[in-house]
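Once you scroll down, you'll see the structures, which are given as structure tokens.
Here chain A shows up in two complexes: once beside chain B, once beside chain C.
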Partner chain A sequence: MSLRRRTLLKVIVLGDSGVGKTSLMNQYVHKKFSQQYKATIGADFVTKELQIDDRLVTLQIWDTAGQERFQSLGVAFYRGADCCVLVYDVNVMKSFDTLENWHEEFLKQANPPDPRAFPFILLGNKIDIDGGNSRVVSEKKAKDWCASKGNIPYFETSAKEDYNVDAAFLCIAKAALANEHEQDIYFQGIPEAAVPENEQRGGCAC
Partner chain B sequence: MIDDEREGEIRASIEPATEDAPSSPGSSGYAGEGGDSSSTTSGSHFEIEHEEIQEDTRIEIDRISISDSHTGWIPGKRHFDEDDASLSWRKRKKHFFVLSHSGKPIYSRYGDEHRLAGFSATLQAIISFVENGGDSVKLVRAGKHQVVFLVKGPIYLVCISSTEEPYESLRGQLELIYGQMLVILTKSINRCFEKNPKFDMTPLLGGTEIVFSSLIHSFSWNPATFLHAYTCLPLAYAARQAAGAILQDVADSGVLFAILMCRHKVISLFGAQKASLHPDDMLLLANFVMSSESFRTSESFSPICLPRYNPSAFLYAYIHYFDADTYLMLLTTSSDAFYHLKDCRIRVETVLLKSSVLSEVQRSLLNGGMHVEDVPPMPHSGSSHLGQQMLPSDSPDRFKEVNSGIGGPSGLWHFIYRSIYLDQYVSSEFSSPINTPQQQKRLYRAYQKLFASMHDKGIGPHRTQFRRDENYVLLCWVTQDFELYAAFDPLAEKDLAIKTCNHVCQWIKDVENEIFLLGASPFSW
Partner chain C sequence: MSESQEPFSYPPIDPINFDLIIVGTALSESVIAAAASAVGKTILHLDPNSFYGSHFASLSLHDLSSYLTSPRSPPAAASASTDSDDVVIDLVHQHICSDAEIASYDESAFLDENSRKFSIDLGGPRALFSADKTIDLLLKSGAAQYLEFKGIDASFVFEANEGLANVPDSRGAIFRDKKLSLREKNQLMRFFKLVQQHLDVTQEEKISEEDMDIPFVSFLEKMKLPPKIKSILLYAIAMVDYDQDNSEICKDLLKTKDGIDCLAQYSSSVGRFPNAPGALLYPIYGEGELPQAFCRRAAVKGCIYVLRMPVVSLLMDKVTGLYKGIRLVSGQDLYSHQLILDPSFTIPSPLTLSASDFPSERLQMLSQRDIKGLVARGICITKSSIKPDVSNCSVVYPPRSLYPEQVTSIKALQIGSNLAVCPAGTFILYFSTLCNDADEGKKLLKAAMNALLTLPVSGNSESILSVQSDSEDTKPIVIWSAFYIQKLITSKFEFISSTPTPDGNLNYNDLLDAAQKLFGQMYPNEEFFPKATPPDDPTDEDDASGLTLDS
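Coming up: the complex of A and B.
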């Protein structure tokens, strides 16, 4: 606990299996990319520190498993999230179609006080594949979807080529910071010092 | 000094100034880290069987950067530049973590909380995963490590230890850490999490790191942490009476509790009618006051919560040090009682000076309490004092043999006596051969184990236990009135040891006026 104000943001990464969530993480945090696919089991946790204006921010990134069998971890994983990164593969239509479910599921489980204002971001990943020739989801289609969800910021990324990865995470961090309410409710919420049942006799003599 | 739980070979001797963010990203052990404004810290994997609590084989240099300015040195928080990727961090024998139910770190004994965010998330995932199955995780054993979990509403506490302490002891320590948090913030903190699961309570705990590190340190030297009893400063009966009378006097004027202490020992205390003070609350309160340097320099008035008394509300504590060791705490429910309490303190101070209680306190500090060398060879009745040391130090009668390496009769090295009715204990002074803090810690750990086994609900309760290993003979005797824990030379004979324990109990009876606060047990009103 240092004297300087530091902020920790819980970032949840969601999307179908194989869209490149873990690869984006590895590129963003470790600056590494591996062609090999390894399914995430449950969740991976990585942290990344960055400075935004004069604030030190730590991103606690929850890289979740895309497979359905891990969805039962929902509530516990989403609790207290500050922002949510949705990822799809621009070359796989189904991964785009299921965004609707991920979005809905997240809001249901995390249950943020103001769902419309909750910071999401959408990443269309793997734009490098085949020079873009195998892509099936157009940028316009993705942007339209984002607009329908309350203007979610959209980034096209390539974890492999490290394209737009830093920019996307910086964007989500800023959005989460902007959504952060100052936490001054604690001191208002403290009840007056009250002694239960055994109330002392008399007042003070002063 | 704060003790150091670690294996000998890695020795990080000098702390860099770390007032600001962790400044040495290179120390986490990951290759390829950039030195720019952002840095990687850790990656953890949620897979229990792969959870690497054991040290890994990564070759790593525990780099210590020595900076020119030491102004930022925060006492109590050590090894700030470590995280879960550091070999030195992994080798520490006892970790404590506090985190929120969303996995946000609140406190870590070692290392920087933010850099441990990934580790913290892993802990939450484990707890939540088990909770999802309608169960709760209490203990995980991984090799020689125990991982102990304690869930308190939205606050999760975890201890990872390779110290071989019993589960009950470690869990009790987590309870105390939670209690210490309540002392500072009350249970109202729960409502903040209800309103906002993202809630980050670290800013509210700003500056209290030393309170927690001091409490954790006391787990290895203060038997009150596992006996759930308090101890008194040995004092002539008349002096304690004089102090008690004036405390009662001020307690009658609308003070909830009036407590006079010397370091972690009670000189006297008094509570308003029916108000009872739990020994754990006293421990946490004394730890809070003693570890916070600012209380020493001026009279203070601070909101404070006694978790066993009422966990959801603040009391107000007036705190004043009469000298470097002796301090008065006056607790009230009224937030505007400062001037009244100040007047009370002046009255107390006048009486203490007039009856020279404060100088007797200083003398007691010098002389110490019960010494095993002074255990009477035969049980005897009649008037007795705490050996020679209660005589004035300039008395010609004062003569103490220094039998170094021998201890008391029959090889008695040390004892603790806990009075069940009084909620108080008395511990003999350490003497040869239990000289070093390491040896003392080891003995306390042995007592702790004994305590846990005597109170094991599954196989107990027991009345006596005699145990011999290469370090000690340990003897424990529990009756309706007291518990006695004694350590002897490992070669001590059983029947002689038992006889000596009887002598010790008789001796304690003979001097109980001086070592206990009688007739004022907070529970006996």
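Coming up: the complex of A and C.
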């Protein structure tokens, strides 16, 4: 399979509006952070190439494009995801409480073959705020939740300070890659995207 | 995230003023949302359903059954303050589908257990020609980057007494064809060459102006093509609906120039993509992916999306009678310059308004929704293919191929599990035909199904066994079927615009033309998907264009 093409992994980032999903993606890929918050407009997906062991993989990280605001992400958003990243704000209890809903919604919509084995990762973002004094969700509470969901890996991050962002996404990439192997075995009938044979701008490359 | 069981509180929407409010997320509405967002309009896009796509959705088996059989009860209007300057007019929701007939012949719990593995198109059968304008629009709009396609393996035409024959759609296919006689092959080759010459700008030899204006069927006769070839060209390649030989009934008599265009599109579709064997493409996960791709395009440009949000009334200015806004089921009032409504909405007629001096004539268009016709749709699930070794294929049944009184052609599409729309080992077959009434439509579809499939007698498992052991070769057995009649309503640009229902065609060209026209009427000075991406949009990757096609 690796002979056919570089591995493309679809990663989706879920969580309440304002927890820093777009900022984490921008920090990871563009090494940029904007202090000013705007509800996401213009964010689609970002891609990043990285080497994992001897494989070159392309992470395609999908933003919710703002469609999460009224819980209106369609099933197409979830299709074919190799890893689901859940994000909450350590300073906002509600964003932690709704993780349960996002987790459940993902399993319902993406309908992975083995829900218990599907790779999730939890990021507790904005740990920089007020030197950590305003946080309301303890690390232990988050880790307990992760344990209850089948030991989901957990990272505490700050998109603003670029703290732990690379480490978290490397873990995401590895989890997605591991999942892809398993999916290939399971979904033998479902074809993979083929390499465009003749790439021509403006026309179709198929 | 809301389960329908638990009490659902409708979220307040902020802001409350928009350039455009769109109700319904069918393909046309989604394309307009993407196009208007691309030129900077502020848009609120609502859908009363919990899923995207409206009449173009792809649904699980359970969701499809409940969508077709349970007419949605109109949501009770929340009693909001009525002391404003607005006249409130309640909207009526009329399901565009009726006469649904669903039967399950599955003795095991297979279908129940696998309901969610199905993704069944409501507006099927539908596919894209590799060279049609839908593909161009998908690329131009950027929606293509969210989609993957696969080529349909084969195209067949059903011939009375002979069953399925390949549609000879290229020189190679004509050459290889086993059912055509040598004479027929030569005739077809000559005709294709003539069309090619006509389309080739460097060639002098053209079809005369006079011939271009006569009915295509007369031109084909003039070319001395035999009935069988004529039928293939008219119904399986140009895909016309009505019997072209029956001028009394025919509602879509095709002219030579349009016929030539259809042939040109078909032949440029064949081989456009090296890994698509025929002329047709189908989106992986079903046609419901298309509106969602356009909605995501719109969302990326700032369009606000709210599913599960019914609209209950229109707000009209008391004095001018002009549209001002809408009232949601939550009781919240929202305002916009323009409104696009899903074709299933009407307003009660005659209008009974408390404000007697209200200029209600502007609302006539909404209360008099003219139905242009009906399309009968049918869906079957089988556990084997209608053609061994072919998973995905299209079939056309020309007029009179099933019985003498058949005046319309029937289109069918079989999609297998490698398109990720059904569990491994199953197939979904879609059928459609134009009709004048439900009985006629269902009779046509049942005849088409019976020609290729075995429809068990409901509730009688013994009949299934007897059919299986029958000598009549192995026709796939239907384990689930549905029939429904869908109204054909075209789009309108008036005081309040409305989008069209799915049409009876196999492709999306007419629907997209209508969407583009509506956009042009609403925003005459704006371009439909301008090419350049705004420079202040660093995350927008304009080099991501291209169509992903699985081999």
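Everything below uses one rule, namely that the second predicted complex is superposed on the first by the 164 of 206 C-alpha atoms of A that agree within 3 Å, B and C clash if a C-alpha of one lies under 4 Å from a C-alpha of the other, contacts with A are read in each partner's own complex, and residues count from 1 in each chain.
As a working rule, a residue touches a chain if its C-beta (ideal position, glycine included) is under 8 Å from a C-beta of that chain, and two chains touch if they have at least 3 such contacts.
Just so it is clear, the model here is predicted, and its values are computed rather than measured.
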So, does A:Ala43 touch the first partner chain B, the second partner chain C, both, or neither?
both
Which partner reaches more residues of chain A (counting touched residues only), chain B or chain C:
B
Tell me which partner A:Gly150 touches in the superposition: chain B (first), chain C (second), both or neither.
neither
Name the contact category of A:Phe77: first (chain B only), second (chain C only), both, or neither.
both
With both complexes superposed on chain A, which partner does A:Gly132 reach: first (chain B), second (chain C), both or neither?
neither
Determine, under the contact definition given at the top, whether A:His30 touches first (chain B), second (chain C), both, or neither.
both
Does chain B (first) or chain C (second) touch A:Trp102, or do both, or does neither?
second
I'd like to check the shared interface: which positions of chain A are touched by both chain B and chain C across the two complexes?
30, 41-44, 46-47, 72, 75-77, 79, 189-194, 196, 198, 201-206
In the complex with chain A, residue positions of chain B that touch it
18-21, 30, 32, 34, 37-47, 74, 77, 100-105, 107, 113-115, 117-122, 124-125, 128-129, 131-132, 185-186, 188-189, 191-192, 195-209, 253-254, 256, 272-275, 303, 310, 312-316, 332-335, 337, 339-340, 343
So in the complex, which bits of chain C are touching chain A?
1-2, 11, 13, 51-52, 116-117, 130, 135, 139, 146, 148, 150, 272-276, 285, 288-289, 292-293, 295-296, 299-302, 304-309, 417-418, 420, 424, 537-541, 545-551
Hey, which residues of chain A end up touching chain B in the complex?
1-8, 10, 29-32, 41-51, 56, 58, 60, 62, 72-73, 75-77, 79-82, 113, 180-181, 183, 185-186, 189-196, 198, 200-206
Going by the contact rule at the top, pick out the chain A residues touching chain C in the complex.
26, 30, 41-44, 46-47, 63, 65-67, 69-72, 74-77, 79, 101-102, 104-105, 111, 189-194, 196-199, 201-206
